[in-house]
């Protein structure tokens, strides 16, 4: 099949899967549009993450295994932007925290300056070490006091700084647009982290990006889990505002009820569908815009240069291209996309739960999407994201169905039967591995290969 | 982008996940299906035509290279003449479209390089020809890996041939000088007790004094009855010790004769030996 | 006396745990470094394979326990260990046959192996959870302590007790034995040398008649042994939970890289560097400080540099610092 035909056909097949999920309750399909749209919304977000990874891997051959960290930073941005400020948090410690962090940053900068300015020798080592140690204790002294102050404020409800929502604690949900503002901020936050990682890891004699990203993502998660003043840590932030209406408001609107009636839907179903559809619309706009941008960039002089570097780094270097700088650029860009997607995901969830960030789900699954879809091809990554996310969700009922078939001849109540049925959930990981290995082996360029 | 999708790494050289160092590039050639038999010799690459890869352009054109027992044969020629390629073809690292390779009368055209080693061919590549992280003695041991019998005697013989290696036996080979590394490389190839020793530019990058010494050693090896097939940049010195010389030009035999004859041939002198 | 007390507290809370943890990391990192050196890629499935090895050992341990077989005072897991190794080795060879061998045949780039190892990681992850579940599993039995804190206090008259767990003792002894055997194998035996030769220069190894498939198979067997031992020891010392093993990937990779990827000696050194930095930086030093400092200077806080939740951050920062100073790791690795 020629590629120009292959792409639409594959997209059609995937679309069909979503339609089946919504329209029929045959086999593993639920027959619920609600479920179909839920899968679709997360698939749209996953597609953005896959685009970001494809930017890094497909265009530049950079292997990022810290996607989870950037996604979580995006989620953090949503909290920091869309939640209302905690009353009194800034006066009771927030300032101290910021000042403490500044002291910490100043210490590091001073140490680096000392290291570069002073002549190598024992006195330099002592000076650098001294600065670091003194700086660290000063930082901890100021910072810890600030943290204690902030976390003491009504820890059961807040205990964190809160965000920038102008509505205040009582009315912040009216300012749902703030979450949308948080999306680009999430991208920026991730980009900033990526810049630091890339600057360090790509600057080394041979690059160590994979381990660096693996490390930074664990650190990001650790920070988010432990710094309660920032986002309540494992106490989670719930009740984030929404950019779309609430179901309950829709159900109370006479206008909406009338329209649902005319479509022959009961109000509850109609309201959940409407909310999900609004999200889908928002996400689709972002995804389509990003695909267009990615395609334009791919065919721009910049994109050609990136591919030239990828295909022959030595020649590109000889032509005067600053390879490290270009790599850093694309790494930051790709990570920003992951951050953006992370912010969108937290918006969709309406809550920020650090414990849910798992590398298998947020790093390696995205890799499966990119590899299966077709590295180097934007449409491939998007298709991969839709397909893999769909499978990720649907493998669970599929696993249960399979286990039911396997165990149907076993005696009820046998230990093995129970074990098999209870373990069906882990089929999901297993099958993702199988899909990845099959595609990697038999179609190593992915479903929609790079041209 | 290469045709093999598994070999597309997108320029990734992330040292924390991939280790290209020392990875293999050796590809065994496929047989020709077009046998040639124009002359007899102990080792002969007979009328070889072929190039790299399945569809690469031909680099060799009807090229014949042969060496008899205890002889030294030298392949010389200008840059890009296909000297090393000719040797690799004899060793089974090139896809031949035509021609045969015979060792001691046996057709070995379809054998992989490893199998040719077992048949008694020793090969010293031009670069990456020693195990740099292993000691000199370990290099020799690895050279004799396929042997079932005691290799200690052969190690002794190598040390007698290259006395300096005995002193450095416990040093990592990567720490030796260029000339000493070449000695290790030749020693390693001798460990299988080959009947033919093939050397790809053994004197590349070593000083003239070391070169003379290496050539002396190579003559010594030949005296023990081992045939030597050698590619050389230093044409004049090489032809001086050669029993037989092959001048290749653009993958074809341009001149063939004894080393002395070629040195005396005005045309060869004019074009390849700088007058 | 105070000094002795401080020393005991230090050994109890820092030295012994760090040595035990370091040994576990070193064994794990040795596996990573062997695969990196010989198969030339970083194996993302390492942590999950470790979980698999430990799981098989646990299953055998339970079986032995149910039959009443024991080697008291040692934990039954030690008896089950060889069986765990054999099963894990069979699994790894099966994985190699079904997954990796194909890529060697087509001369795939190492990065393709890395991606394949991600697939293997998913599968192993699923298999382990499918068989034993995602939760904590206890399988330690036998004598819990070599030295009990109270006995130590009574015997020495010090305020500080020193507790030396059996699992820690076993970890240290086993690690020493395993490392000694591995180095003897790599440096003294023909097969071991052929593995080093293959890692050094694949083509030349081939020309010397070394069979790559055999080298690869032996590597997987050794890796299976290392990883099963490391996983079982970690489980005995702390607890068995599949996700913890997955997370060990970072400190294990960090150890191997800090030491110099592809260099076995480096893997061991790296393991201890990472373990000691993690433990010292996340330890609350107050206990030691109260003995050493005069009363007036006694710290009010815990004197903990960082909370234990940041232990991954520590491995990572150490890694970056080492790489900035010495890009090839402490010992010269292959990743120049």
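Note that the chains take the letters A, B and C in the order they are written out, and that residue 1 is the start of every chain.
Just so it is clear, a residue touches a chain if its C-beta (ideal position, glycine included) is under 8 Å from a C-beta of that chain, and two chains touch if they have at least 3 such contacts.
Note that the structure is predicted; figures quoted are calculated from it, not measured.
A.B. asks: Average the C-alpha coordinates of each chain, average all protein C-alpha coordinates together, and give the chain whose average is closest to the overall one.
C.D. replies: C
A.B. asks: Look at all chain centres (mean of CA atoms) and spot the one farthest from the centre of chain C.
C.D. replies: Measuring from the centre of chain C, the most distant chain centre belongs to B.
A.B. asks: Between chain A and chain B, what is the separation of their C-alpha centroids in Å?
C.D. replies: The separation of the two C-alpha centroids amounts to 55 Å.
A.B. asks: Using mean C-alpha positions as chain centres, tell me how far chain B is from chain C in Å, no decimals.
C.D. replies: 44
A.B. asks: Distance from the CA centroid of chain A to that of chain C, rounded to the nearest Å?
C.D. replies: 31
A.B. asks: Identify all positions of chain B at which a residue touches two or more other chains, and write them in rising order.
C.D. replies: Counting only residues that touch two or more other chains, chain B contributes 6, 8-10, 12, 14-17.
A.B. asks: Residues of chain C touching 2+ other chains?
C.D. replies: Answer for chain C, listing residues that touch two or more other chains: 42, 111-112, 114, 253, 257, 335-336.
A.B. asks: Would you pick out the residues of chain A that each touch at least 2 other chains?
C.D. replies: Only 63, 206, 208, 210-212, 444 qualify.
A.B. asks: Could you please specify the touching residues of chain A with respect to chain B in the complex?
C.D. replies: Checking each residue of chain A against chain B gives 57-58, 60-63, 206-212, 309-313, 375-376, 444-445.
A.B. asks: Within their complex, state which residues of chain B touch chain A.
C.D. replies: By the definition above, chain B touches chain A via 1, 5-6, 8-17.
A.B. asks: Mind pulling up the chain B residues that touch chain C in the complex?
C.D. replies: Touching chain C from chain B are residues 4, 6-10, 12, 14-27, 113-114, 117-118, 123, 125, 128-134, 138, 141-143, 145-146, 188, 191-192.
A.B. asks: Name, in rising order, each residue of chain A that touches chain C in their complex.
C.D. replies: Residue list for chain A touching chain C: 63, 65, 136, 200-201, 204-206, 208, 210-212, 214-216, 218-219, 222, 225-226, 359-360, 364, 367-368, 371, 423, 426-434, 436-437, 440-441, 444.
A.B. asks: Report the residues of chain C in contact with chain B in the complex, numbered from low to high.
C.D. replies: 36-37, 40-42, 103, 106-112, 114, 190, 193-194, 196-197, 199-210, 212, 253, 257, 261-262, 334-336
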